[in-house]
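In the two complexes that follow, chain A is the common piece, with chain B as its partner first and chain C second.
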Partner chain A sequence: MDFNFGLIWKFAVPLAQGLGTSILLSLICMALGSLLGLALALARSSPSRLLRLPAVAFVELFRGTPVLIQLFWVFFCLPLVLGFEPASFTSGVVALSLFTGAVTSETFRAALRSIGSEQRDASVALGLSRWTRMRYVILPQMALRATPVLLSNSITLFKETALVAAVGISDLMSVGENISNSIGRPVEILTTVAVVYFVIAFPFTRIVTLLEKRLLRKLAL
Partner chain B sequence: MSNSFKSARPDPLLRIDAVYKSYAKGAPVLRGIDLEMAAGERVVVIGPSGGGKSTLLRVVMGLEQIDDGAITFAGASYVTVTGRRTRIDARVRRSIGMVFQNYTLFLHLNVVGNLILAPCKVNGESRKTATARALTLLDRFGLAEKADAYPSQLSGGQKQRVAIVRALMLDPALMLFDEVTSALDPELVAEVEQVILQLAGQNLPMIIVTHDMWFARRIASRVLFCAEGRIIEDGPPEQVLGSPRTERARDFVHRVFHIGG
Partner chain C sequence: MNYVYDFASVFRNADTLIDGLSLSLEIAAAANLIAVFGGFVIALLLLSPSRLIRLPATLFVEFFRCTPFLVQIFWFFYCVPMLLDVYLSSRALGILALSLILSTFNAEAFRGAVQAVPRDQIDAGIALGLSPFQRVAHIIFPTALRLVIPVLLTNGILAFQTSSLLSLVAVEELMFSGKMLSAKIYRPIETFTVVALIYLVVSLPVSQWVGWLERRRVRAER
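And then the complex of A and B:
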């Protein structure tokens, strides 16, 4: 067995393009998913059942099914429901954003619940309106507490984007798989792909730890 | 005749009328509280744990729904009950400030940020003037060098002093203190009590819940003994602390004095 890792440089450009797609997909889905997650978390903590129940149903549905089936559903079933076929990148964004929304809603909800009732008491005693309290007391504290977990959520998402290879989006995984199949060099190519995922994801996990230590300890949140 | 006499008197600062309160599930916690408090008074509330002292202050602050009754501040009714709903007038409530037993500073804001949030967002004061006022007040209470500190960088005593100053930023006409020193290490109690005494010296009306009998004696112009959701004794400190009329109060005062040393 002789491995020639030097050959991967021939495929540097397509691999880099694939990585670009993976990162772009992660960033877009993280942004959209976090907004959705925040909305879901607020809906779930609302006193109104009309808001709470659909939010709970959505979250449980998406957390309780494999991401791959969600992806397939959006790709193959949703077009039949809609009557038209969105671009595959769009479908990927939709599917992964919905999934990320379900995941981050738990993050936001935990952050929200960790804010003690004394913060509300103090706000009311100071005459802050409901909106002012939300905007200047609850949301900032929730965001601070959620940040480290959101970063780990985004690492998870970045790795999960590899699933879109299954529906033909040219992300890093899919590009790697194609090259590997066409030149019959799985060891070199797939190992390289794995290393690239790791090199991107690992610093993030360090940042998460750092943030948790520094920021949250400083604020004693 | 008694009617005309009543209307000739000035409105009391605070008037609590037959207030009943129970929490979601459970027995009533306040069982008919009546109280009239004049502007010059400093009312200390003592009583056994679970007697409803904190609940009473929270109700006066407008933090809780009540089952029945009404509360009036300077002639303006601000806690009322219609049907099963408690209505609270936020405008009237603004004249009342409260400091709690646990730490309630906003953890994501530094000291000045804590002080100016309500003046800026509620009263529409400019950041600049609010900050200037905050620094002046901090200086007056010996906290000037903590202006930029975050709550986590303060001692318990400093946190409570900042919480008091935060309430003072809104110029309250009545202050409520709910056991503000009982979470503190003993050596930090005095600095917080000193601040409250300073405010008492400026004739700021206040209602204080405390287990510190030394402090109660020093600061009170009137003492209430509360137990089982009722005011059982109400009188000048010498009387309620010195020679209580009821056996309950006598037992309690003796026990607390004994433990307190």
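And then the complex of A and C:
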């Protein structure tokens, strides 16, 4: 059996376009998902049961089921909710944003918990209002502590975007799979696809580790 | 929204989903069993004092952790039979692929747990004159085991959920039977809702158990 890795250059343009879709999808879903995650984390720490229970149920549902089935589910349910059939890219964005929301809500919740109760007590002693306390004391510290974990969440998301190949979005995985099937060269094409994912995700994980170390030193923990 | 839900037709075909679930559970259980040992062996390589052993092991683990599961599974199903010239059943390939993925995750868990054993406990072992083997067997291993069990269980759930990706390479597990059924009865929403709930019902007790173990450990450390 002979392998010819040179032939991947012929497919460099479609693969790069696929990669572009994967990255775009990751960026959009990370932005929307973090907003949802923050809202869910605040709802879960609320004293009201009416806010807390639905948030807990949402997070458990999305963390307790495979992402693949969430994609299919949104793909078939969204047309019913909207009344028209959205583009598959939109369905992918909705599904992965909901998933990211559930994941990042855990990150935000852990960060909220890591802020000592003396901070809260001090704000109360200073007579700050609930809003001022949240806006100027709790949230800035929480954001700082959540940042490294959010970045590693975004690596997870980048890897999960490969699943959208199953619902017909032309991301890197899907383009690679199509080329590999049509020319019958899975070893060359699929290996290249794996290496591209690795080359992006791996340096990112190193940066996150460095950032985490610096942050921990800064917070003197 | 004037859609009429029809869950009854899903339940009439419940046996398809039950067959799928039993294969999913079988694959996940086999992968977990293999990966506890596989993960431990890889963790030993990761912790080796020799660079020549540590570096390739680290690269191997990082490669699995930094590429999508779907790519790994496709690669495994298309390339391994071609490269090694072995042709296994899709069930066996599925178990092997999932074991390999889970082993790299468990290896990181074991490594983290061993490194989290407090240094003073090991020092105390040295002070008491325990041999290196005794220190591993009586201090490091029991302490690390308590730390690692919740992570192994969490990884186990992850493997069960990841087994759904095998549906895309035509292994007839739960997700695959869900897709077949939804095509047969034209009820994708109801079918996928039921399939999602099955995954949830299997995963939730384990994750609640993990939460309980963690809380107990935190209490014990206070």
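Everything below uses one rule, namely that the second predicted complex is superposed on the first by the 217 of 221 C-alpha atoms of A that agree within 3 Å, B and C clash if a C-alpha of one lies under 4 Å from a C-alpha of the other, contacts with A are read in each partner's own complex, and residues count from 1 in each chain.
We take it that a contact is a pair of C-beta atoms (placed from the backbone, for glycine too) under 8 Å apart; a residue touches a chain by one contact, two chains touch by 3 or more.
Everything numeric in this text was worked out from a predicted model, so none of it was measured.
The superposition on chain A brings chain B alongside chain C with room for both. With chain A used for the fit, chain A forms the apex of an angle whose arms reach the C-alpha centres of chain B and chain C; rounded to a multiple of 10, it measures 100°. The larger set of touched chain A residues comes from C, when the choice is between chain B and chain C. Of the two partner chains, chain B is the only one touched by A:121; chain C is not.
Shared-chain residue A:60: touches chain C; no touch with chain B. By the touch criterion defined above, A:77 lies against chain C but remains apart from chain B after alignment on the C-alpha atoms of chain A. Of the two partner chains placed by the overlay, only chain B lies in contact with A:136; chain C stays clear of it.
Shortest separation of chain B and chain C in the overlay equals 18 Å (C-alpha atoms, whole Å). No residue of chain A lies in contact with both chain B in one complex and chain C in the other.
Remark: chain C residues 1, 3, 62-63, 65-72, 74-75, 78-79, 82-83, 161-162, 164-165, 167-168, 175, 178-179, 188-189, 192-193, 195-196, 199-200, 203-204, 207 touch chain A in the complex. Listed in rising order, the residues of chain A touching chain B in the complex are 116, 118-119, 121-122, 124-129, 132, 136-137, 140-141, 144, 217-221.
Chain A makes touch with chain C in their complex at residues 1, 60-61, 63-70, 72-73, 76-77, 80-81, 83, 155, 159-163, 165-166, 173, 176-177, 180, 186-187, 190-191, 193-194, 197-198, 201-202, 205. Residue ranges on chain B touching chain A, taken from their complex, read 58, 61-63, 90, 93-94, 96-98, 100, 102-108, 117-118, 121-122, 150-152, 163, 166-167, 170.
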